[in-house]
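The following pair of complexes shares a single chain, chain A, combined with chain B in the former and chain C in the latter.
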Partner chain A sequence: MKTVITSKGNNQNASFDLRFGRAGWFCVVDDASGKPSFIENEQADATGGAGVKAAEKMVELGVQKVISGDFGPKAKELLEKFNIQMVIIQGENQSIKEIISQLIN
Partner chain B sequence: MPFKIAVASGKGGTGKTTVAVNLFHLFSKEHTPKIQIIDCDVEEPNDVLFFPNAKFSSEQTATQLIPEIDNGECTFCRKCVEYCEFNAVVVIPPVKFAEVNASLCHSCGACVVACEYGAISEKPEKIGTIKHYRIGPHSIISEGRLKIGSAMQTLLIKQVKQEALMDMDVIIYDAPPGTSCPVVETVADSDYVILVTEPTPFGLYDLKLTVELLKDLRIPFGVIINKAGLGDYKVHEFLLHEHIELLGEIPFHRNYASQYAKGDIFANIPGEIETQYKSIIQKLMARSPQNEGDYHFKR
Partner chain C sequence: MPRRKRLRKVVAPPGFKGYKPYGNSQKNKPFVELLYEEYEAIKLADYDLLNHLEASRLMGVSRPTFARIYESARRKLANALVETREIRSVFGNARLEGTWYICRECHARFTMPDLKRDQVCPLCRSLQIEIIKT
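Moving on, here comes the complex of A and B:
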C-alpha cells in the first residue's frame, strides 16, 4: 500500500507540511518496505485549483492514504470519489522520518 | 449615447452607494428623468433598498458556459488540462477519469478548442440573476445578484452592464469596492469615474491604489470626500499634490447617517449636503461628452 505524506522538503529530515495542495513535496511511502521517495509538487504556486491538482496526482500515483494537516473541499471531493483515506495530523514540528516511523510501527 | 458615470472607491464603506443613489435622485429630480442606475456590486447589491416605491419589472438568469467531458469520446490525452489556465479540468488516465470542476472554471472555452476528439461540449450554468426595477415612468434600477458560492463576479458584471439602455441620458454604475477585476470591468467603458473616499488613513491608502488603477486605464476621474469633518486632512493634501479634482465634500451628519441606516435618505436631506450634491452634478454635466458648452439634457 502507498501512503503520501505532505513535506516541506525533498528528504526525510524535512518537516511535515500542513498544507495539502500547496505542499512543497509529496513523500510517497511504500508501507511494506517503509522506503520513501519524493515528488515535487509542481502546482504548489498555482493561482487556483492546487488542491484538485494534488488530489489528481494522488489518484494517478495509486495512493491509498494521504497524511496532511488539512484538505480543502475540492480536494476532499475528488479524494473521496476514489476512496483515498485522508489522515489529518497536527505535526508542524515533526520530521518526515518521525511520521514514517509511526506509520510503519 | 448616455453619459456613463461610474462610482467607485478602493475602500469599502466610504459611501459609493450613498453617492450613487443621491446622484440618481437629484439628477432625475432636477435634470433628466431618463436615468438608469446599474448596481454592479453583485455580491451585495443594495441600491434598490433605498427606493421603496421601485416597481419590479423583470428578471433574467445569468449563466456561464461550463464544459462537460464525454468519457466515451475522451482519449484522456490531457491536452485540455494543459490548456486550462485555472486548473479546472481533471483528467486521470490510469483510471479513465475526466471531469470539469465548475467552481474553478472561468468559461474561457480553451478546453473546447484543445480537444481534438469532440469530447467536450458546453452547458449553461447559473451564476446569478439580473433584475430590473422601474422608478417613475422613465428611470430604471438594474442589478446583478451573484449566486451564493459562485466566483464569477466579473462575468456577471459584464452581463448586467449589457442591460444599459442606450436611450438614457445618464447611466450610473455603482461599483464594488476594491481595485481588482470586478472594479476594472465596472469602470472600463465609463466616461467618467467618481472616486468616493473618506478623510482617514484607510480611505487615503485605498484611494491611492484606485487612482493608480484609473491612471492606467486612462479614464478621467474626480474625488468626493464623504464624511468630511471626521479624520484628518491627508486626503486633501494628496489631491492637491497630485492635481486631482475634488468634486465636493459631503459633511458627516449624524442624523443623516441614522436616516441612511433606516433606508430613508431622500426625505430630509440636510441643506448643506444637498448643496454639495447639486454642485457636484453641475461639475459632472460639464464633463458630459455630448456637452459642448451647453447642457446636454434640458427638460
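Moving on, here comes the complex of A and C:
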C-alpha cells in the first residue's frame, strides 16, 4: 500500500509540509518496504487549481493514504471520491523521517 | 465481549432534531430515541421504496441486520405514536458520508474510505479513535 506525505524538501530530513496542493514535494512511501521516494510537485507555485491537480496526481500514483496538514474543499471532494484516505496531522516541526517511522512501526 | 457493531452508512442525517405530539394532556413522558440509522432504514425502505437487500447494501450492512434496524425503527415510531411520546433523533452507530475521525493517541484526524474495514488510526494503529461530530 502506498502512502504520500507532503514534504518541504526532497530527502528524509526535510520537514513536513502542512499544505497539500502547494507542498514542495510528495514523499511516496511503500508500506511493505518502507522506502521513500520523492516526487516534485510542479503545481507548488500555480496560481490556481493546485489542490485538484495534486489530488489527480495521487489517483495516478495509486496512493491509498495521504498525510498532510490540511486539504482544500476541492481536493477533499476528489480524494473522497477515489477512496483515498486523508490524514491530517499538526506536525509542523516533524521531519519526514519521524513520520515514516511512526507509520511503519 | 460482544462483537462490535459495524457502523451503518447514512447518506444524509435527518433534517429534524425531533417531533413532538400536540393536543395531548400528559406532559413529561420519556422521549423515544430514533437513531440515525433507523431513520435511514425507514427512508430507504418506505420513502425510496427499495427492497431490504438493496437498502442493506446502501447502508453497508447485511440484509438481516438491515431488517433488524428497520424493525426497531418501526417499533419506536409506533411506540411514539401510540403512547404520544416525543421523538428525538440521536446519532447512534451511523457513519455519515465524509465523516472525520480523530485518534485519541496521536491526535491525527482522518477519513475512513469505504474500502478500509479496519477501524484503526492510520498513523499509529491505535484503536482509540472517535468520530468528530460536526
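What we mean here is this: the second predicted complex is superposed on the first by the 105 of 105 C-alpha atoms of A that agree within 3 Å, B and C clash if a C-alpha of one lies under 4 Å from a C-alpha of the other, contacts with A are read in each partner's own complex, and residues count from 1 in each chain.
Please note the rule applied: contacts are C-beta pairs under 8 Å (C-beta built on N, C-alpha and C of every residue); 3 or more make two chains touch, one makes a residue touch a chain.
For clarity, every value in this text was computed on a predicted model and none was experimentally measured.
Within the superposed three-chain model, A:V4 lies out of touch with both chain B and chain C [touch as defined at top]. By the touch criterion defined above, A:G62 reaches chain B but does not reach chain C. Looking at the shared chain after the overlay, A:E80 reaches chain C, while chain B stays out of its contact range. When both complexes are overlaid on chain A, the residue A:A23 reaches neither chain B nor chain C.
By the touch criterion stated above, A:K53 is placed in contact with chain B alone, chain C being left untouched.
Of the two partner chains placed around the shared chain by superposition, chain B is the only one that A:Q43 touches, whereas chain C remains out of contact. In the superposed pair of complexes, A:A14 makes contact with neither chain B nor chain C.
By the touch criterion defined above, A:I89 lies against chain C but remains apart from chain B after alignment on the C-alpha atoms of chain A. By the touch criterion stated above, chain A contacts chain C in their complex at residues 64-65, 67, 76, 79-80, 83-90, 99, 102-103.
Those residues of chain B whose C-beta lies close enough to touch chain A in the complex are 85-88, 90-95, 97, 101, 103-104.
Listed in rising order, the residues of chain C touching chain A in the complex are 98, 106-116, 122-124. Of all residues in chain A, only 43, 46-50, 52-53, 55-56, 59-60, 62, 74, 78, 82 touch chain B in the complex they form.
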